[in-house]
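Worksheet: one structure, shown below.
For reference, chains read A, B and C in written order, and residue numbers begin at 1 within each chain.
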């Protein structure tokens, strides 16, 4: 197994509040990792720091042997780490097709190519096959702002995956999705990403989802990782059971997993 | 090309018609036409910004800068229209490039007002500079065209064709540009900058490019205006009300089509000329009233009138407000 | 030393003036998120109305100090009338539109009102120096200042204190702060945002008119006074942070004193020193010195 992402002693303070501390993680190629933890535990803050949305206070982030700490999101994206959002970030007044056309065009064009026409038939074909892979082809011509939540989530993730990233970080892919639809949605996403052999880290509140899709779990509690272990082991860990799952099971049962922490206003 | 682009066909027809008409137009009509082309070009720059989600209340800065740059060159003995207009355009473009590093960090009303602040600094400098005629400005001598030195009415006839050719090239260029990836990124930045960043491109860079372009065409419009009127002065070229007029034309034209900016500019020029002619004391009243009427009753600008006509004879309904056409 | 005192007193007077003319703008922006260009016209109407009422008042045999009442009456008449007409008659139809469109609509309204002003009062200047003459002059360290201008400082302090108390100590003020922080939630909580908007706009309009009404005795009231004011108050409000009242105070002080310094030391840069400050402040702090907190939803 080759390590692609190495995070060392990462810390983030918001004023006097410590949002993340002593974060040490090594992510290996092709791993599927679940990030769990209560609201405000530091999950989104962690994702925000790795993807450049938040600048860590101290520590080190190495991706493919290169220090990426402090780089802007666009550079990190171009290097090969992409992400989706808890609140889907799409071009709301455009159609699903146009959203992906734009995503492909920005990903593919550089320099003077930016001045070549955005639309071409080959690119449109790529968009259509991408739509099919994420099973949103039937919404091809619908305006994004009118999409059902699940489809909008898929579009958001599909856009993040356009660049075929080495690592894709998903921020609560199933939040706001009904229990019946969650597994279908995850099946679609994981199947699509498997084809690209993408390394995936995703934040999840539903332990059934975690159990089914991930090989390894990072459990966050009060800004720290309290458990980093294979999934079966992690879910039996007393700390995880007390500080994450107990509360989580309770929360998912009552609020249907709609909440989410907002580490860094995203 | 799979089909003829309707906009380019329309622009080309307008170009040929205006080119021929130039030789028969009454002098005052040509003068209005010249001013409309100059202001329309500025509005074209604002249209590009608007599609990116930005409105500037200070583009009189580049208009005035272009006009004064061209006019000042005539003071030191340069009179060739090609050189003057090129220099005015370039000067404004360089200024926009430099200020762009600051302005690209701003959005919404802050962008609009910071532009206004810079334009008022230019206004202040001009008004305080006696050498540039302070509030009275100074006159600009008749230009030559690559050695050809027209006299009398031929000056305006030639200037009109000169302006027409360049505005045609610029306008077709902008139309084609909007279909490119960089052009289309206007929409992306307007709709969601976070997504643009996470697709791996800098939203600020996109804005900077658009901003420099808007500065270039505003400088072009200013230089043309200086030659057309034969005079530069701060109040009609660099004051904040001039910036307001440009935004007015942009709103009037709507976001739908590049050619509409010239129609908008023409309508503006007509309202202004006639209001000034028939109600010199109340022309602002008429101007303000028309602007209000457009905002209330024609929210998508004049171009939407054409849209309504087209819609009534075809069942195909197109999208309306503030939206760039998809490819 | 003398020069320093002159700059300081002149600066304070000018700052108070700037605060008076810009506080209405910032109140309206703070609550309604509307940059109201018509503000300049309120100022001009306030000045004309004040000059007219003062003139009428001193044609009667009523006690001399009553002339000051005419000033406040002018501000209230103009502010209430235009505030209601504009907000109910125009702006409320535009709340759902793009913020730039609303600015442009107020710009259009400003153009219209400029000419309405001419239709009513014509192009000749008006003078209403009586209240100023009444208060006479005072010597500060061998320099003479007219007392009326100095009272402007007092008025600005009263207005600032009044607003501060009104916002923090009254129920109405607290409702207003809630609307400023999050309009949608306030609405959901049952606050009548429509009424809040109308009242805010009228209050803001009265303040704009009061700026003009109070300054009228010290100037020749003539066409075009509104244009300069709108630009000046933009600069003040943008420097301080749009929608912030402490910001308007700091912005006014910064602009007022630097302009006074420029007038006395480098008269040639007087006109653009204000915009240079504005550009500088914005370059360092994009949202102004005191940008109020806002609920952010992503």
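Just so we're on the same page, a residue touches a chain if its C-beta (ideal position, glycine included) is under 8 Å from a C-beta of that chain, and two chains touch if they have at least 3 such contacts.
Just so it is clear, the model here is predicted, and its values are computed rather than measured.
Between chain A and chain B, the least number of touching-chain steps is 1.
Put simply, the chain farthest from chain A by mean CA position is C.
Each chain gets one centre point, the mean of its Cα atoms, and the points for chain A and chain B are 44 Å apart.
Averaged Cα coordinates give chain B a centre that lies 33 Å from the centre of chain C. In terms of their C-alpha centroids, the spacing between chain A and chain C amounts to 49 Å. Of all residues in chain C, those that touch two or more other chains are 298.
Across the assembly, chain B contributes 194 as residues in contact with two or more other chains. For chain A, residues touching at least two other chains: there are none. Chain B makes touch with chain A in their complex at residues 177, 179-185, 187-188, 191-192, 194-202, 323, 326-327. Those residues of chain C that touch chain B in the complex are listed here as 35, 90, 93-94, 97-101, 103-105, 107-112, 114-116, 118-119, 227, 231, 234-235, 238, 242, 268-269, 271-272, 275-276, 278-279, 282-283, 286-287, 298. Chain A meets chain B in the complex at residues 51, 72-75, 77-78, 82-83, 85, 89-95, 98, 101-103, 105-107, 109, 113-119, 159-160, 162-163.
Of all residues in chain B, only 55, 57, 102, 105-106, 108-110, 112-114, 116-118, 120-121, 123-125, 127-128, 194, 240-241, 244, 247-248, 251, 281-285, 287-289, 291-292, 295-296, 299, 322 touch chain C in the complex they form.
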